[in-house]
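What follows is a set of notes on a single structure, which appears directly below.
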Amino acid sequence: MVVPLISIILLAPLVAFAIFALSGIAKRTFPRQDLLSTAAMLIALICSFILLRDVVPEPEPLAVDWISIGEITISMGFYLDSVTVIMLIVVTLVSSLVHIFSIGYMHGDPRYPRFFAYLSLFSFSMLFLVVSDNLLGIYIGWELVGLCSYLLIGFWFEKNSAANACKKAFLTTRVGDIGMFIGMMMLFTKFKTFSLFDGAQDGIFTRAAAELATGDIVWLSIAGILIFCGAIGKSAQVPLHTWLPDAMEGPTPVSALIHAATMVAAGVYLTARMFPILTFPSSLVIAYVGGITAIVAATIAIVRFDIKRVLAYSTVSQLGYMMLAIGAGSYVAGLFHLTTHAFFKALLFLGSGSVIHAFHAMHSHSQHTHGHDEAHADDEAHEHDDLSLVHENLVHEHGSEIPPDQDMRNMGGLRQKMPITFITMLIATLSISGVPFIFSGFWSKDKILAGVLGRAMEWNSIHHYILFGLALCAAFITAFYMFRLIFMTFFGEPRNKEMHNMAHESPWVMAAPLIILAVLSFPVVNTIWFNKDYVIPPKQPHLHAPQHASVSPDTKTGDAKFGFSFFGVSEAQAADEVGGKNGEKADAAYYIYKRAHNIAMALSIFVAGLGILLSWLFYHRRRFSAESVATTFRPVYNLFWHKYYFDEFYDGVLVALTVWKSRLFARFDLSVIDGIVNGVGFATRRVFAAIIGYFDRRVVDGIVNRVAEVTWAAGGRIRRIQTGAIQTYLFVVIGGIVLIILIFRAL
Amino acid sequence: MLLSLMIFVPLIGMIVVLLLPRESEEMIKRVALVFTLVPLIIAVYLFIDYDRTIAGKQFRHGPVPWIEAFNIQYFVGIDGLSVTLMLLTALLGPICVLASWRNIDKGIKAYMALFLLLETGMLGFFAALDLFLFFVFFELTLLPMYFLIGVWGGPRREYAAIKFFLYTLFGSVLMLVALIAVYLKSGDPGARTFEIPELIRLASDPGHALADSTFQMWVFIGFFIGFAVKVPIFPFHTWLPDAHVEAPTAISVILAGVLLKMGTYGLVRINMDMFPEGMAVFANGDGIVGNSLAILGFVNIVYGSFCALAQTDFKKLVAYSSIGHMGFVILGLAAGNELGITGAILQMFNHGVISAMLFLLVGVLYDRAHHREINGFGGLGSRMPVYTGITTLAFMASLGLPGLSGFIGEAFSLIGAFESFPMLTILSTIGIVVGAAYFLWTLQRVFLGTLNPKYEELPEINGREILTLVPLGILVIVLGIWPHFAIEMFSESVVNLTTKMSGILQAGL
Amino acid sequence: MTLQHYLVISAILFSLGIFAVLTRKNAISILMGIELILNSCNLNFVAFSRFVSIPDNPNNIDGQIIAIFGIVLAAAEAAVFLAIILAIYREFGSIRPDEVDTLKG
Amino acid sequence: MDSLKNIESLLYFIPEILLVVFAAAVIIFDLIVKDRESDKVAYLALVGLGCSLLAILITNSIIGTDEPRNLFFGMIRLDEFAIFFKILLILATSATILFSLRSEELDVKLKGEYFALLLAVTFGMFLMASSTNLLMIFISLETVSLTSYILAGFLTHSPRSSEAAFKYITYGAVASGTMLFGLSLIFGMTGTGDLAEIGERLPEVLASGEVTALGLLIAITFILAGIGYKIASVPFHMWSPDVYEGAPIPITAFLSVASKAAGFALFLRFFYSGFKAPGILDSVDWGLLLAVVSALTMTVGNLAALPQRNVKRLLAYSSIAHGGYLLMGGVLLTSDGLSAILFYLIVYLFMNLGAFYVVILVANDSGSEMIEGFRGLSSRSPLIASAMMIFLISLTGIPPFAGFFGKFFLFKAVIDIDSGFYWLAFIGLLNSVISLYYYARIIKAMYFESADETESFYSTKSALVLLTVFVIPTIFIGFLNIFYSLSGNIALQ
């Protein structure tokens, strides 16, 4: 029953794409590509739900031999554990909704059918990635989603900005992928297999466990980190995150599907899949990368006006969150946050898309041909060929350059104009901000915080305390800037009157997905994550606690009364963080985690509330409480106060040094990282390649030509000996004779 | 017998074409097409009928005594490697005829005749089991190529043609010396032989003169340079860009698709199989010498990629990209283990298909715009969507996108090489990124962005051109999804090679 | 008179001939040089046939015969040479060998 | 073996006699025939060659079974080696006569003596190919030389031709004089003129110390001067470019093939029968000497050919280079090398004569021997162009043409087991790469460049027929066993 279902899930979207491609070869297009693709997606969705029924935590992979040379056999196959199925559902669900949304959103675009074909191809690739049971399969899917992301970001390729963005996305992620590939090579060379799980032959995990009984984990740590490089690229972690904001050049549904819900999450999924071979060093690296990313992105998000870019940075930050969780060992929490985030972030993007669409109505329909925002399609024609995009970023952060229909400063007061969009987006925002209890985001975030803190207390390792701090800080900022977005967009007075008058609620085909996603932002549908028998975190045989890690007896005396028992939280939850009860240690850890959980929950509720409160004070009730806030929270006040200089800042104060970390990060992001990418790109192309090209022409080819010339010259010399005077010839004769005799009598 | 038929059908075709009157051009083209289709049919049959479970040569014909004086024989037969490459050759034959249907303006008769001669040479080369015959076929491809480039080529065609000719001849004369040396060492006067399987047997039996490792080293070098020029391996590569840029589309296709493979095929068939001792000297992994093969591969990859990045001529870019891709073949062969060699052989075949596609595509664009300056285009994506789609497919395949054929070969070569030369392999991965860089960059400059007003009216790719591209496209996808149908052809031979190599390397250590 | 004497003389003759051939700026003198060379050879042959004896035929006159033929051929050569010199003179108006150098390179 | 007396020798001497008779006949016929415009004289000469060929075949069939004969008290020797060369020479001469009829620069219809001289020179070459005695060697050499001088200068009223003759004779006279001196020394050392006896005696006298290695070296080097001048090997080659350029093209062709072949016959017989004895080989490193000479010869020939624009001169240099290739076979003095040389001579005969014939045709058409005359030949006369292409490629030594097989054979002879001559093979191969360059320039002119004048190429049917006579062997000899076995058998004697 499983195999046919999987086959259908995979084939349905593939067929949808194939039909488009074949008709393209025949130079015509299939009439209703949109319906075709959507239907395919819905079929896949249904099948995924059916799959949910018959799936076990640790199944046998369904693998077939793909290649066999001598004794090497490489198999391809599916691995369907609970996590896979959940991912399947998330992907198919979001994808279907995005398909439906796009029917409305992309209506009238000249390449309307192609858009859906690409979506189908993407869905196929993503699903393939999810179900693969081996690294090679994952890598294949991995690269294919990369391709689709490339195609879809560059969907409006007439815009040079889009053309640049898609290239940048592909190349930046590819850099990470190379790391992943090297990691794969290391693992394969060691274990002679790609498959992760035990099938016909032992998988990597088992072999690794056996191999490393000895305890030398250095190379495994390296391999783990290298594979994580792939995730850094795909999930836009620091330092490879710069492509994601630019990726917003793509149509908004694409941003929702690929750059919020699914593809970028693939990195997290991969890291989770590799969980069993993560060693302490590698997981620590992962955790730190995640944590830093979370802060960096969040702080950058505060100062953005382009609604899509705010969301993009928030995505980056949330992905960092998940990485942090996995790195800290909270497997379930990480994946849980992945799913919840998938829903509410998709919702946010679609919502923003709906807003953009609403504003966009004022643009003439003719502009469809040149995409939704051609505002800056022209003024960048000059940097037609440029491998990297520092200039791009500047342009986008530059207030006036933001396409007007994405600029929050043109919005405001849309609350009445677009009620559905407003409500749904509000729900999503509450969810992402971690408003307690009734929103799914709260639970997942809470689990992460609890997990990290728990780890910190269990090992009392300073690293994890720091990480916890980072996470908490990020949570606070998230709440703040998300509500800033809501306030600026939907509340207050409309800033741009005529655009405001044009605005209107989106048609149902677009509204419906919003509503569905809004429903999904409530924890009810996520209960699956609370069933600890359903999702069992794999063991980490190589994860050795640092030496100083100890469980002091007194930690047992945390009282179990404290904390809420809501949806079976705390005890059960705390328990699966430890990975099942095992003996005394687990028992101790159980109490630790219970206490950690309570503290974490309290804190997270506090920071979330604080964030929202501040946001409300600043952006809604601004004119009252500025001074009081200023005096109360001096640094924070300054931070956001300076925000109002950002126009000037981007107008050219880029060089001005500032101590405020939002700016620091912004500048770091803008100048340093892109600077590096830019530099590398430039160096590679203009300097290095040029030099080599020159070398090839002059030296290598030159030598050959020299040889030719020398030969030729020799010919000329010999000619000159042939003077034409007979007596010279005779001289040569006699000379020759004498020479021969002289030489050969010596021998 | 069937094999011989396949080899000489094009030759018959050439005679027929020569007998036709010069005026009846359509007729000539059709005849040529027919005579290139026959080998394709036979090749497909051989491919299907080939017994994958055994490593030895199949469909033998001969040995038929030819020149008793030196015990030279006519002897052909194929193993999985040969049959794969012969399929490639036979496939490209009709495609090239179709590709030259319209854009060969003068002397179509001579053109087709030479092309058919060329095909005989290539097919014979892959099938020959007699070292002398092997060499004769190897050289036989030289002459037609020289004229095809020199007569029907671009502005600098004479230079390119003679350059190609001189380079290859230079390589092959060194090869000739090595070949004679092998013959003379193969036994006492009278008992000497050119028969490849026999020579391989002798070379691997200890105590025989051929098995002496210093001798093998020298002979290895002789043959290696001969093939290195064809591959081409840095620094013998500079003929390639010129030849490619000047040659007409179909000839570039053959050049990249098949002639380059003749070099690598020779490396496998002769250098590895016959002189494993010599191979071991350069690929045993210790010191500069022990790594030299891998280093050459690495240099090819990185060097070719960066050169490609520096190009602004579309065709030259593709040409340099093939230098880079052949580097993977060398790297894989140097690895000397199953994955490495399999990857290398796959890469040979795939590169044959992909580069053929690329050159055809360049040709399509050139026929319309009459220039190849990458920066001279822009935004063609909206003008010619189908062409753009196919090009994207070819590019993605070439930059090694998983799921398309290019990936498997590259990946396996690298993984295989990683076992033997980790650092070099990691460095070589630079080539992958750069590869992606120049292809995407080209894609952007030619197809993305705002449409260049000069090409508002550029006509979309036509049916004949699509027809030439589709079979290759299908191969690219099928091989990407199910490479095993190609791998199983030669896996047995590969295992033989690797056991031989590993045995020697063990003994060496 | 021993063999050595003859050999020395013939050597001197030969050298003189070569010298003449190399240095004279007149075709006729070159012809003379050639004659000297040939005669040195003849002298050699005669001397050798006189002095060198080999077991199986004590008195061999091969050398003298060769010498006679040598003289004959020398005469023939001289004839042809002179004829050609005439032709040269007709075409070039000179018989200085270094002026006859239109063919070169 | 005992040698035959004069009278009984005559039976085996018929081919040569026939040549002489016909030479006389041609002159007489030329005097009595009234019709000046006809080619009768030429055809008579051809008939003479035909008869001689017939006679050769007969003598061959006579000696075919039992051992070869020594004629005229061992002056000359009739063996398969000699017969091989005689046939070769007859082919070359016949070709030359036919060329002469086609060639426009030389108006042969009036000149019977021209053909008489051709027959005479052939006669001399026959002697060269078969003489086994110092005396005979010298006489034959001189016969050939003298007649060649006259033929080279045959174009009266052409300064180039006269100059060629002048240089040729001056050079030739000095060279042959030097050779004679060397011969006299050899004679003095051994007291005999018979090569076989010399072969026996030399080791003894070397052993006994009567003769020093130095003396032998001097003698041999002097002799080399004579032979080297015949086969135009460095440093005795310098006459050939000028003479080849000056002489009428048919004669150039004749000299470059027949005279070279005869020279090689002499060279081979001299070294193989006279100087193979171990004692001699130890005395001086002859192998190395020959190797160096051959390397220099091919290199100089090819390099000097590179800048030439006059195709005749270019081919002259190329034939020097081929002399170098041929010498490679002799380096080891093995029977293998001998057969290689013989085989290459067959191939060389056809491809080189063919090439010269095309030059004649082009010269007839364009009036010059410059490379420009070949422009666009492929479009003006595809057949002739492709024929020339085949000859040139074959000369370069690229499969599938006969030239390649010949070269292969030679190289194989050089790189024999553990011979120290790999370097020579390398030089030879690099030279063939260089040679490609200048041959390709002609091909380029024919195929890649467009014609200056447009009117169709002037050539007769019979010309094309004659051309095919050279093309077909150039293509097929390599694939036929007979020639290998033939040369092989001869070499074994």
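Residue numbering begins at 1 within each chain, and the chains themselves are lettered A, B, C and D in the order written.
FYI, a residue touches a chain if its C-beta (ideal position, glycine included) is under 8 Å from a C-beta of that chain, and two chains touch if they have at least 3 such contacts.
On a predicted model such as this, the values are computed, not experimentally measured, just so you know.
Ranking B-D and A-B by contacting C-beta pairs places A-B first. If each chain is reduced to the average of its C-alpha atoms, the one that sits nearest the average of all protein C-alpha atoms is B.
Subunit B and subunit D have Cα centroids separated by 43 Å. Remark: subunit A and subunit B have CA centroids separated by 39 Å (rounded to whole angstrom). Note on chain placement: the centre of subunit C and the centre of subunit D lie 26 Å apart, centres being C-alpha means. One simple way to say how far apart two chains are is to compare their mean CA positions; for subunit A and subunit D this gives 81 Å. Residues of subunit B found to touch two or more other chains are absent. Contacts with at least two other chains are made by residues 719, 722, 724, 726, 730 of subunit A. Of all residues in subunit C, those touching 2 or more other chains are 18, 21, 97, 100-104, listed in ascending order. Here, these are the chain pairs in contact: A-B, A-C, A-D, B-D, C-D.
If you check the complex, the residues on subunit C that touch subunit A are 18, 21-23, 97-98, 100-105. Subunit D contributes residues 166-167, 170-171, 174-175, 178, 213-214, 217-218, 221-222, 224-225, 229, 234-236, 238-239, 241-242, 284-285, 288-289, 300, 303-307, 434 to its touches with subunit A in the complex. Within the complex formed with subunit C, the subunit A residues making contact are 719-720, 722-727, 730-731, 734.
Subunit C makes touch with subunit D in their complex at residues 10, 14, 17-18, 21, 27, 30, 34, 37-38, 40-41, 44-45, 47-49, 52-54, 60, 62-63, 65-66, 69-70, 73, 76-77, 80-81, 84-85, 87-88, 90-92, 97, 100-104. Those residues of subunit A whose C-beta lies close enough to touch subunit B in the complex are 21, 24-25, 27, 66-70, 72, 114, 136, 139-140, 142-144, 147, 150-151, 154, 157-158, 160, 162-164, 166-167, 170-171, 174-175, 178, 181-182, 184-186, 188-189, 377, 381, 384-385, 387, 681, 684-685, 688-690, 692-693, 696, 700-701, 703-704.
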